[in-house]
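Handing you a structure now.
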């Protein structure tokens, strides 16, 4: 298992290096942004002197390398600066929306994974049958729907009949009435259903298609033929051999997409008025809130990198061949 | 026999189809791709002929705000009283142009980098892949919003952004393919003959990866259109170009939902979905066709059939 | 009674465009317990297809006619359903590329024990013990059963594949080119192993290969296939010393011998296409002794000695 | 024997493998091929045969040693200076299915070397002559075919024709027939034999001793990056000195079932060049190994008849 | 800048007319929570940081102010019971009512003095946002607990309108946080650990993306609100908000999109109020005479011609669905007598505009685009800020009209920050841009809007680069003219100057449309304007 740990170590190191690179490139990216960075101070009535003072306060009057050093040091200690808009620490300001987004995204992804994987497997197994064709077409269709449009359609045609709320994360006044945790949880979940369903449906299409083709690849392998020769039943073959092998590429995909969904939730959050990280970043862009943006970028890239790392770890668990 | 071998073993026996152009053969063998191609041709025609076949202009107010679908306006009117059907027809052009050129940028950039990286390998490869990694971990939609709002929103910028977001996928994919092709004996043979890198790339490597690049381009166009609608929806689209994405945005922004004006949102979304789906149908079919590993399945519900023995005399 | 007999086996594959490929065109084979039969022939002549048909493992695009008799009973007639209970317990197989015959994500032992559990022969600890025994039998330490396939070398994997095939003590073993892609030395090891095992266990074995000398050394009997048909069957001795079919003779002539001095000659031309019907003898265009009827009449089946038969118009040997 | 065309001297080739360092795929190989001669290089898989040939073509990283062509040292030539050499030195690959570009017609494949070397005059004629020499007559029948429309033997002939188009003087054939059916092997080997009779030097790599015995003048037996025995064919086959050669010969299957012999099957796996044993590299599998074999690394020394050498003190 | 929806004190409805539903007065049931939806969220609970109208609504309801507007937009006392002015108009003395902060601490004049002096001290720094409300003030003193004395350096015309947004902050909370050079002010989070309010409410829970709940302040100096609490929920889009209103999760929404107004008007479950606002769409021209290119646009005649190419009625019909009025100056009827009613919008007259341009010598080229005498085509880029609702449609209509006159414009859409930057570029010298479209949301008092076009607003509020010393002189004069009638004349004159020079072409006033459910009553107009104080003492749920 020594080889294994060195693998994990190497992946961890790699993740770490990528994070460092991301930190640096984030700095560069935002330094490339044109315009007066203090314009985001939303202080159009302020005097130039005051703007200069603020620039000094944010360290913007120093040389770029100096700024970089300060930035790296601060980032390392978890200080991502203060939002230009609210003047509050970025990390805290980011955490609020992230906290809202994560459960919604998880719910949607879980839905997509469980359904997409099942359908993909069944579809590959029953290749060429009606079941297969139906799921391929529905997968293709869902995969092709513009996210925001699907969300709008859900509002149009599903929210009403199902009696589901179409915006926000919770009934704003429920907490005020203090009804206890159960109704609050139910309420939260109800608010999560539509956005999560949108994510779920979009991903579901993708997952179905990918699971299917990955499964088909596995089913074409010689060991499947061997397993058949050994007299195993189809179900045994799928369960014991095909599934695990076809899961390998899917795992990476799922983990990678988790990170992206977090950022990609913007569209869904916009439609459903869901105060999550996507919406927050979008707002920060229009407000030119560079500290927030830089922090948000870092958060997202780091989460993608970490997800990647997790995928590597899982891969390591699932695939004995991975040792170097 | 491995699936590849099997596939190859079968080809010579069926080689008489070889004279027909491969595209035609491919479409014939894959109804999914054929349907996709047919849809795309229809939309391409619409895009080309748009100004002539649209009943009204893209700016022409022909009735009340959110006029309901009726005889002269089968898809109703939008938030400025403009005929939705006409808008759809006019928008096809922009949407398709953005899709194609965006994908083209991605393919050109990603393809070049992928080929260079995969073919030469070594340090250059390492360096290029690290850069790709960074772009790969950047959440694309967020990157795009930042760039769009910083650079300003014009069609050209949107196209560049799409290229910027998607070139990494392309680069990765092509690179891995080129790495495989590079090890092929016929490439080695050309090297042994003293052929220049350029010649090898152009004559041997590129033609080999081209079908895959094409299949990916098709899928990339779908992604690009997808992204265009997303950008537009977030209000970052080019205000001078009436794309389908902007139609959805307009409807959404101007409260078509609350108005109950489904016709302002459903048709453009459907149009996008159909076009994307057509591209996806074509692209995934091509991708599958190019993947020999999908040709064989050892586990199927159906099994071989029994049939009576052939008539011995007839066989003689 | 033969351990395994094949009677008039035909296999067709559907080709795109509604055409058909007649891969196996009526072969007969019979195999006594303990007998090793070499199945030789050029690439694409239908060897693999034939033994896949015996295992009932053909893809859905295939259709089959004929009988596969296992200890006298036809196991082919009912398709996959009647086949499955016999697989591995009565008739087992070593695949062409043993490299890929193992699932990369499960331990070797696991995969050897799998059919044991399926057939209810052993489970849990008993299965592990049996797996260890089997591995020892093919010369691999039993402790290695917890290893993954990629941790085995090519030769070891091939031996493990043989161990796997023996798991349920089958009566018939089908080995599809078990040594191609292996080194000469490893090939010798594997052959020796197979010979020993068939002798010890009284197994009947079909050994598919295109290497004639291999068959000469490892098998008692041989069947030479050409274009989906049997050209000649007999003991290896008969085939070498008194071939009845020119194809057999020419194959031997094309094979260089380490110490031999005879000229080595290739067989001109190429095998016929199997997706078109053949008229007459399929070997006729390449045959150096073709004459009148060869081009028009399908050669009859002829027997000189018991068990030595051929499909050839020539009488009195090639 | 005439002047050697190709000489390989003390060749060492190392491949970088992961972080662990360098694998010495070839570790001190010397051999020479003269015009009109065929030298066979035999050995187990992974022993470095291909690497040797590729190094001779300057396609593998040479760590040390010399490659001489017609007496000129080409070990360090730049790619421009190598071009004329590459015209004369041609490589034929093992796998005829892989070594032809599936998108090239036969014509293009055979013309390509001429284009690369900028030979403009009489291209058409050269191409036809090459095809005819490779036994593809009449050439018209093949010119416009794609590889998938050819049989395996024909494909291999096309790649030989492509090699002949430049009218080389030396052929390196890396297992040219191992992927082919027995029925066509003899044809290809016969072709190579004819070519060398025409004055070409041929270095043939094979793992089939019967083939080597039948066609080569000299046989070099390689084991784990080294040549362990070398000599005229009749000598090596008839009087093998190295225990490895002896074992190898003993396991060659014979077509005659009655001519079985006593196979001396070596135990153990194919050796791994990443893990070379100390002393004689063959000792862990050697049936006659003594204590000193564990420590002393034997060198090729004359054994038996003239020109026959073996790297074993007990030879 | 380019002041838009985020300007302090967004104009709300007034003089509104209730449309539809029944208006009969009913018995009121006290208590309960009033739930309001808005599409523009607060940006900060900290008055030293905040700009957004919603934040200002919170401040008016949670911080004491000396005076307020009543329903007729007349200034009346709020915390101040009475006040008097010194002869020279420089010293204002207010007598304030006793009250308590929501944490029980007494609210005294000391708090006012502390807040006032803090703002004055840091006016050029962290308190810059609040400084306009004490312009020209030199000190605020508290001779005793109920007396606030504000001293100005000169007589100021609009002291009271400014003071209605001078929010008094809790000294006992803020004083320890001020820090060196006032650095602590901007970092202050008043809601951390619970906000301390001194108005009718205090912020119980604050969520700038969700719901903020204001709870009744028991120590309020005025008449206690009838409701227990007020909730304000932020929505990213009006559809979500209206769905909540329809679904009964809200009692009221602050803006109904014009496209939907009719639906609510005809629904008996809702009350709809439509009224004038201070929101005016405008088209701004770069008026900096130094701009290097496209100088023809500096010519007021050209601008006049362009103004004639604007189909204001179509804009009102399409963009506002009829809920707007044509505008010709920066003021709306909300500004009362200060609106110069002599100025009328230019007629929509393509031919007339063409005639002017022809006359000026800008002949049409081959492609129909006019050219300047130098041969430059009249093609311009128009800066469009993204956040302005309906701006795309507005632009399209203007583009069509101008297109017919041979003037070609393309949109360059940006987020508002970028747009404002682009207008000032480079470095607030106003050299690059040609035309922009935006809106202004002013106050009832004309001072601020008039100031926007003065010379010293370069780099600050100016979004046209307009600078006219004569105008500036008038501006200073109106600021110290205490006689309303005299001041009105000056303001009218200033509007005429702007109309003649046309740094802006005002297009239309966007009316405010407010909806609430029929369950509520006494939501007398204008109950939502950040400009005025909401009469919570009468607003309540119908008893039945």
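Read from first to last, the chains carry the letters A, B, C, D and E; within each, the first residue is number 1.
Methods note: a residue touches a chain if its C-beta (ideal position, glycine included) is under 8 Å from a C-beta of that chain, and two chains touch if they have at least 3 such contacts.
Owing to the predicted nature of the structure, the values given are computational and were not obtained by experimental measurement.
The minimum number of touch steps separating subunit C from subunit E is 2. Contact with both subunit A and subunit D is made by B, C. Chains making contact with subunit B as well as with subunit E: A. No other pair of chains has as many C-beta pairs in contact as A-B. In terms of their C-alpha centroids, the spacing between subunit B and subunit D amounts to 47 Å.
Each chain gets a centre from the mean of its Cα atoms; for subunit A and subunit C, those two points are 53 Å apart.
Averaging Cα coordinates per chain places subunit A and subunit B 23 Å apart. Subunit E has residues 237, 239, 243, 386, 415, 418 in contact with two or more other chains.
Residue numbers of subunit B whose C-beta contacts span two or more other chains: 2, 149-150, 252, 257, 296-298, 300, 302.
Annotation for subunit C: residues 57, 97, 100 touch two or more other chains.
In summary, the structure contains touching chain pairs A-B, A-C, A-E, B-C, B-D, B-E, C-D. Chain contact summary for the complex, subunit C toward subunit A: residues 55, 57, 84-89, 92-93, 95, 97, 100-106, 111, 114-115, 118-119, 148, 150, 164.
Against subunit C, the residues of subunit D that register as touching in their complex are 44-45, 151-154, 181-190, 207-211, 213-214, 237, 247-249, 251-258, 260, 263, 265-267, 269-270.
Within the complex formed with subunit B, the residues of subunit E that make contact are 237-239, 242-243, 257, 259-260, 263, 314, 318, 321, 384, 386, 389-390, 392-393, 395-396, 400, 410-415, 418.
For subunit A in complex with subunit E, the touching residues are 35-36, 39-40, 42-50, 53, 57, 82, 85-88, 96-97, 155, 159, 165-173, 175-176, 269-273, 275, 279-280, 285-288.
Partner subunit C is touched in their complex by these residues of subunit B: 1-2, 9-10, 13-14, 17, 29, 296-298, 300, 302-310, 315-316.
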